[in-house]
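Only one structure is covered here, and it is reproduced in the block below.
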Amino acid sequence: MPKSSKAAAVAERSRLAVRKTYKLYIGGAFPRSESGRTFLVDGDNVALASRKDARDAVVAARKAQGRWAGATAYNRGQILYRIAEMTEARRAEFESLGVPAAEVDAAIDRWVWYAGWSDKIAQVVGGANPVAGPFFNLSMPEPTGVVGVVAPASFLGLVSVVAPAIVTGNTVVVLAGGPQAAVTLAEVLATSDVPGGVVNILTGRPAEVAPWLASHDDVNGLDLTGVGDVELATELERAAAGTLKRVLRPSAVTDFTADPGLGPMTAFLETKTVWHPKGF
Amino acid sequence: MFEYAPAPESRSIVDIASSYGLFIDGSFDEGKSSFKTVNPASEEVLAEVALAGPEDVDRAVAAARRAFRAWSALPGAERAKYLFRIARIIQERSRELAVLESLDNGKPIKESRDVDLPLVAAHFFYYAGWADKLGYAGFGADPRPLGVAGQVIPWNFPLLMLAWKIAPALATGNTVVLKPAETTPLSALFFADVCRQADLPPGVVNILTGAGDTGRYLVEHPDVNKVAFTGSTEVGRQIARSVAGTGKRLTLELGGKAANIVFDDAPIDQAVEGIVNGIFFNQGHVCCAGSRLLVQESIAEPLLASLKRRMATLRVGDPLDKNTDIGAINSAAQLARITELSEIGTAEGAERWSPPCELPDRGFWFAPTIFTGVTQAHRIAREEIFGPVLSVLTFRTPDEAIEKANNTPYGLSAGIWSEKGSLILAVADRLRAGVVWANTFNKFDPTSPFGGYKESGYGREGGRHGLEAYVA
Amino acid sequence: MSSLSGLPDSAADLRTFLHGLPGVDKVGVEARAAALGTRSIKTTAKAQAIDLAIRMVDLTTLEGADTPGKVRALSAKALRPDPADPSCPAVAAVCVYPAMAPVAASVLAGSGVRLASVATAFPSGQAPLDVKLADTRDAVAGGADEIDMVISRGAFLAGDYARVFDEIVAVKQACGPAHLKVILETGELGTYDNVRRASWLAMLAGADFIKTSTGKVPVAATLPVTLVMLEAVRDFRATRGRQIGVKPAGGIRTTKEAIKYLVLINETVGDDWLSPDWFRFGASSLLNDLLMQRTKLTTGHYAGPDYFTLD
């Protein structure tokens, strides 16, 4: 993360600034790590998440999942659009953290793109099936549940993995690559009517905590987009196999400005097919 | 006796000017002549609006054509954001627009507030979200817009019909010239203001107020690529004739005479609600109204008793009173038509019944009415009345219900009431209707395609299907 | 020759009858209740509604920690809900455990405010029949005018409708002159169809009132459940000629909510049920909210809890 301009700004003025504390975002609240640990980013102390924080985050995500999935698609779309609004309103802060303006633009538009998918994905990947018999047969996508996400370092990358998972009704536990932008995004979420627990953001060392998510029996999916180390990614995939989690592991380096396609959403969607006889 | 006391919604939230011009190329221009729009509940004049003539239509289409170049070239993500802005502004101004709609149309504030306006906003939100992902809609990798759309809408759901037309047109990159109905021009004019608030580029949306001739000039204009019309089957036929051979794309959403079928195993209390909603919602001014009740003969008597008991709690009156269930009939002309057809019903031998109803002195009013002893051979079973009048027929078996339901040139909607899933699905399969409601009625959603079979028109509005009419 | 007007005369018949009642569509009934909840009740109508609601309250305390002192205070409040305003009507009844009935009876004697007592191993109902009947007789002997019994939900959900029926008949007999309210515990019945069935079962067995809840499980009275019960009493009177009352209990805390229930009655069963003889609210904290709203109508400004007695 490029050096912030905050220190320079403070030196110019006589008034002492009130510095932000960078904490975790779990269940809609901002707790410190239960381990009490922090690490230095750019002169700021940022909470260093432990496996127990991850455990608590999974509990929060699970608790929120039923209600989030049960909200109307319209409602989820409205909330994601509100996230876009709040991100736009805070763009200066993201830029002061070193995120290029063009990347902030792309991140906001990415939220808008996904907001519009909420009430359309079912129409594109679901549908009636013309079975050979007197039956009504309908396939519908449903969210898989709680998804563990190892997020890429960039802000746009972070948005590009969180949005597709939650727009369809999953809840996420995110191991953040770029801590300051991630915490600022958490603040955006906290002011966007996102119910607590839908997104949980843990700052720290993803490699330390990720194995605990990958092996967690109550996590349904795993997004490894942000894992650069091939060996670690393989290890995590192996751990995930224990409960047959749905694993998303993009093969090449992703261009997050390009059209993501349906893959990031369908990776964490189940398909339910219902039959019903027709006749009187 | 539990009387509710008047509960009026305040009019002060909406500021109606004394006159309005035509909205062309981003600004209001005075027309050469004008006409008045009245509040059908009181006959009070609300405003004077311009009457667009052929030159005005020319100018508007030209403005739409000029604006089309840049609008269609915009990235979908940008068009999406304009539409999201419009949706948001409508949400913020919902109460104001609902009061306006009730004043100009006569519908109860309860409906314009709780049904019309939320659907209007939702419709813009839904189509905003398609603008940047058209390649996924199933119409090819890069669906192209058609150009300029000429759109003519009816008076029964003025702002909602505007939303159904404009949202998909703009999302796909077209520009529009829209003519609202003669008796309900105001909400479209306020929508023009919403477009200005959203900084929509001039010429993308143009609003021409006027009467039947205005609509005709628009539909017949040679530089219009696509025509969309919602209104009577009679006019729809004329439009289809005039468009023939021109290469213009056309969608029509016309009349209906929907059968609301109640089987003997229906959830009775909810079925009664569904019947009431089906024909008395919006004063029965609904193309998809459940205007024919087909009730299984074995339960006809108790069902009708329940229905009459329920109708006695319907409140007819001031549309701005929050407790009003049934508002004013939209115009003197429509009231005359409803009255005439009801008299025909009696003359043809059907038995007429209405609950006791105190109707106001001024304004256009009609008490909720049912006719029993109706058969397919009665005019009131075949012709669209477009008012709060229900014709009740009976049937013995599901086959007979289906036959009777389909025995009409119309095919817009139908209702099925039964607790048995396999019956519902089998009957739904065989009904020749574009929208089938089972154990519910008059449910609309921007994601759900709406449109008719046969003489109820062609094309669908809403859902992914609603994009098809606006892409090449 | 079979009689078409008699009661079902066997357990199998009873099951066939109850399962043959018209179904209830959940989405439809909830939409209807919500729509009635948008009625706007203002000014004079609101004042009348508030007074009627107060007169319909069964002021309730059903805690393990109830003592004579607590019950005496509650009973005094029942007689005089607002000591600062003598025009405020008294409530319909006080509702307590059988052991507390004599205490309440001594305060309420001769006032017109009735004494209701729960009985039959309230709230679970999981006790042998003779224990439940003894509980009932004890309450009546202690001065109760009304008995609020619980049905055996276990038996109901197991399909043993005949047992539920027989128990109600027996309790009704043990009531003697006292009126019987039958608590269906709708929050445990699972579906609106079951609420309809349980309502009919209770009415066929002789209930004077059907009541939604004990207030001791997470889901208590709701508008849609009460709507289904009102439809049941309406249909029962239409087909069998006997009028039966309805009591939603638990979870009704605000005046706004209470007025929605009155609208429900008004537009489903009408004037005949708009009286404390045929409709009650099982509530405790609702009363003070009614008093605060009542005061606001006369003073024109919002009230605060300091100005109303706790009990």
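By written order: A, B and C. Residues from 1 in each chain.
The rule is short, and it goes like this: a residue touches a chain if its C-beta (ideal position, glycine included) is under 8 Å from a C-beta of that chain, and two chains touch if they have at least 3 such contacts.
Predicted, not measured: the structure shown is a model, and the values here were computed from it.
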| query | In the chain contact graph, what is the shortest path length, in steps, from subunit A to subunit B? | reply | 1
| request: Considering only mean CA positions as chain centres, point out the chain farthest from subunit C. | output: A
| request: Indicate the whole-number Å distance between the mean C-alpha point of subunit A and the mean C-alpha point of subunit B. | output: 41
| said: Roughly how far is subunit A from subunit C, centre to centre by C-alpha average, rounded to an integer in Å? | reply: 48
| remark: Rounded to the nearest Å, the gap between Cα centres of subunit B and subunit C is 44
| Residues of subunit C touching subunit B in their complex? | 22-25, 27-29, 31-32, 38-46, 48-49, 231, 262-263, 266-267, 271, 274
| task | Spell out the part of subunit B that touches subunit A in their complex, as residue ranges. | result | 77, 80-81, 84, 122, 125-126, 128-133, 135-138, 398, 420-423, 425-427, 429, 446-447, 463-464
| query | Which part of subunit B faces subunit C closely enough to touch in the complex? | reply | 1-7, 110, 114, 265-270, 273-274, 313, 322-323, 419, 439-440
| query | In their shared complex, at which residues does subunit A touch subunit B? | reply | 73-74, 77-78, 81, 109, 112-113, 115-120, 123-124, 134, 136, 259, 262, 276-280
